[in-house]
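Going by the order they are written in, the chains are A, B, C and D; count residues from 1 in each one.
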């Protein structure tokens, strides 16, 4: 059995910024602390939520160090190390290893659509440069390439590629992955509205930014599944679904930042080209958070 | 609460043909009898599996009468009455009602993409012509139109449209339908590989042609869900998944006919333009049936 | 060189109906007469515009006979004979031949997606039953199957399948067809907004319902291309483009019927499930026709 | 009339690398020189062909300076300055201006899908920071966002955004752009197999990497269009089409590098994750180049 050190709610912090555009490491520490205390099962800095591709190398390193230090081993950390080139991916993977990350996550960010051979070589080169377990991340909506279950199972033959985060939002992909890679494959769901279906299909965890706003609901859903309480799990899922749909529809950094502002945490500007949600969207989010009793009416 | 008289495994018989091209009503009776005896919870003649659009009006009427008579009230019947024109749909809906069907199913078969207003008017006209409950059937892959959850929930405002069969294969559609039409909406899954995810999302039934070959496995999956035995349900699902994927990939009439031949039931020719599966596909199906212990190695 | 007896503007009449729902053969004769007199190069009854799939066998036969008789050999006729089953397609192809059609057109209407072998067999069976030249029609938006250039070029190996009508709206399909079937392949464009690009790519004709409203503009575009007057062709194309886009967007039978009403020809009801355009759409069409000087402001 | 200083064949050099991974500026100079001497009408460094997103800031600056200096005003230069963040895009746009570029090209590279407001703000910020004319570049296949004609025409309201490069490969987009932005809009085609259709639709230029291999054929096609010789243009187009299809299918940097190697120019390694074409593909390319008489049999 491969070393897949993650399960449950894998929480993705945003990268907050100061008014002058620099990363707000202090607020990052606070957000991470809140999520760990709320009971999430892992912390994953530098994901899509953390606007990884919009950060400089130095900013990425600071976020990595800050997060790993703040978590301080209470839960595992999964650090995003993706870059457009293989060389930069290796650089960041090595940095994460030295910084004490539990595992690293890599999405083969595309500009040119990569061939299967290029994808395998990319992962293989990074995998040989570190000894941490690696999670392959498939998300065509952001990364620009769609890795088929067939390619994913090929990459899984690399010894320290031990986990798969699937974000296509199609549960059939997960079925196919189980069929190809075996029932013990450690796969994680990255499409929020698929949380229930993915757990039922056998996902070990749920990668989500929702714990910024509803950590208890996220954790309770996972626990209900663990205890096989199907009716409770379904009820918890449908309860949080409107928020999950909203944050996916409007983009995680925009939506989570707006939600934090609504709940009293001053988040700074988004990094351009991103812009904050417009007023009608903020109002829609407010109503959802009132229904969830995160905000008072 | 609307009258939705179906639940569980809703079994779709093929329409078998004689060598001279006529419908083989005798074999139809036998297939229906086997499925009822195997414990399925409803019988649905004249679905896509039953090649509804390839039959003449007279053939459709004969299949309807034969099936309803053979079932003889032991389980409910859901009769497909779709036609390209509203006038012919009304005709067949009335015939099904007179023949004693429990409910009718209508897919808005398209040639010209229908507008929302046309879809609603089509259902409304049929609904007013009969008093049976109606199941709306959404399957863009065969019908050529994709009904959004929004349109479906609008059609559900018609009093005797009480059920929805969703065959897009996207569990998010079912979530959305529950959100729009309320938790009591009676929806059924028509995408075989989504059987597990759909039940967990709240589907009342699974519309499937698989009971021609593996009725027990189909029924056991439903029963495991009913008893909230999640691990068992998952195991039963993954066990039958290769067959479900195969019959969807190769087309239900072709794949089920090949499976029946392999298991010893002489089915006649398919109606042209359909052709039987080619030899390598039949061999693949044979291997799947051996693994499922439907055939001996 | 194969016998491809069509070129230029191939005009597709609607099938008009009387208030009681029967086909209005008298008005059909008048519409055909107008189009022939306006100078179109062929008449094609029972296309998508003629709501072929919504007609009974008897209605189709009456439309075929009426149109061929009215045209009276002044231009070629291309009669749609498609049906869901091969047997009915043969029936209508034979009828068209006896009625004196110049050629027949066949779209492999799908319900079940047909395999390549099924498509070839379907055309082969019909082709052997008649001696007329056959036009293969590819239009996934209405027919439900998308025939690749590879499959089309395979069907073109059948001796009396001599023409291809391509309606995907992708000029690259036409390039590919020329590459596969040779520069002498007789292909026709069925996507109105592609009229200019298709002629430039080598299309012999343009299959269109627009001559109900702007026959002169349609014919002039073709003539400008024939005379290699590229700037004039481009100007004529952009002039009529808004109308072409409108009739495609709203569906040919709905849009053409509305346009005929606006220009003073009383067309009866559409056949259900189709409904007439709504008032804002009619107003948009009116403005387009005013700009084209078909109507006065 | 806006200042759109480009027309004809806009040639996109690859960025060649040395064996040690550094950019090969000497070979870049030679490739640029060849293309200018062969008669192309503009040179566009740092496009997709030039693997812009895989270069460091320093490498991009070196490529910009080297190219502009080598061209030395003989033809206009169009320098790619896109980055994921607005801040870095401004940086590179300013650098290109100081280096003497004629114009800059910007594709809104996405990770998060950008909203319309974000796209407009992104272009507006860059446009205010420089005084050069800007070409908006739409290519969802590489950039990850698809800009609708409506958004593009909105961005064109910014005074120094004066040109549009459209690479969706759908000529209807160009029609729509002309309708929205007026017949004087300066649009350029970036989809090689659409070269003929785009010129006929009114494109001022063709952005292409093909001049690395067949500059004369590219230029002759443009000249035939300029002289309104439609039959010659069509013949020249179909002649070069197999090469255009090949380089698009296999990715411009991979395919052009392979072609250069076949024709005797030693190009170094591609930057990882990209890998060279495999042997069967190189052989296919060789055959195409033999047919085009670029190589001897």
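Going forward, a contact is a pair of C-beta atoms (placed from the backbone, for glycine too) under 8 Å apart; a residue touches a chain by one contact, two chains touch by 3 or more.
Values in this document were obtained by computation on a predicted structure and should not be read as measured data.
K.L.:
Using C-alpha centres only, name the chain that sits farthest from chain A.
P.N.:
C
K.L.:
Between chain A and chain B, what distance separates the C-alpha centroids? Give it in angstrom.
P.N.:
Each chain's C-alpha centroid was found; their separation is 38 Å.
K.L.:
Just the number, please: Cα centre separation of chain B and chain D in whole Å.
P.N.:
Measuring from centre to centre gives 51 Å for this pair.
K.L.:
Would you kindly tell me how far, in whole Å, the mean C-alpha position of chain D lies from that of chain A?
P.N.:
Roughly 35 Å separates the two chain centres.
K.L.:
Going through chain A residue by residue, note those that touch at least 2 other chains and give them in order.
P.N.:
Residues: none.
K.L.:
Graph shape for the chains shown, where an edge means the two chains touch. Line, ring, star, complete, or other?
P.N.:
Topology of the interface graph: a ring, with each chain touching two neighbours.
K.L.:
Please give all chain pairs that are in touch with each other.
P.N.:
A-B, A-D, B-C, C-D
K.L.:
Show me the residue ranges of chain A that touch chain B in the complex, using the header's touch definition.
P.N.:
For chain A paired with chain B, touching residues are 169-172, 175, 178-179, 183, 193-194, 196-197, 200-202, 225, 228-231, 234, 238, 241-242.
K.L.:
In the complex formed with chain A, which residues of chain D make contact?
P.N.:
21, 48, 51-54, 84-87, 108-115, 117-119, 121-122, 125, 141-144, 251-254, 271-275, 278
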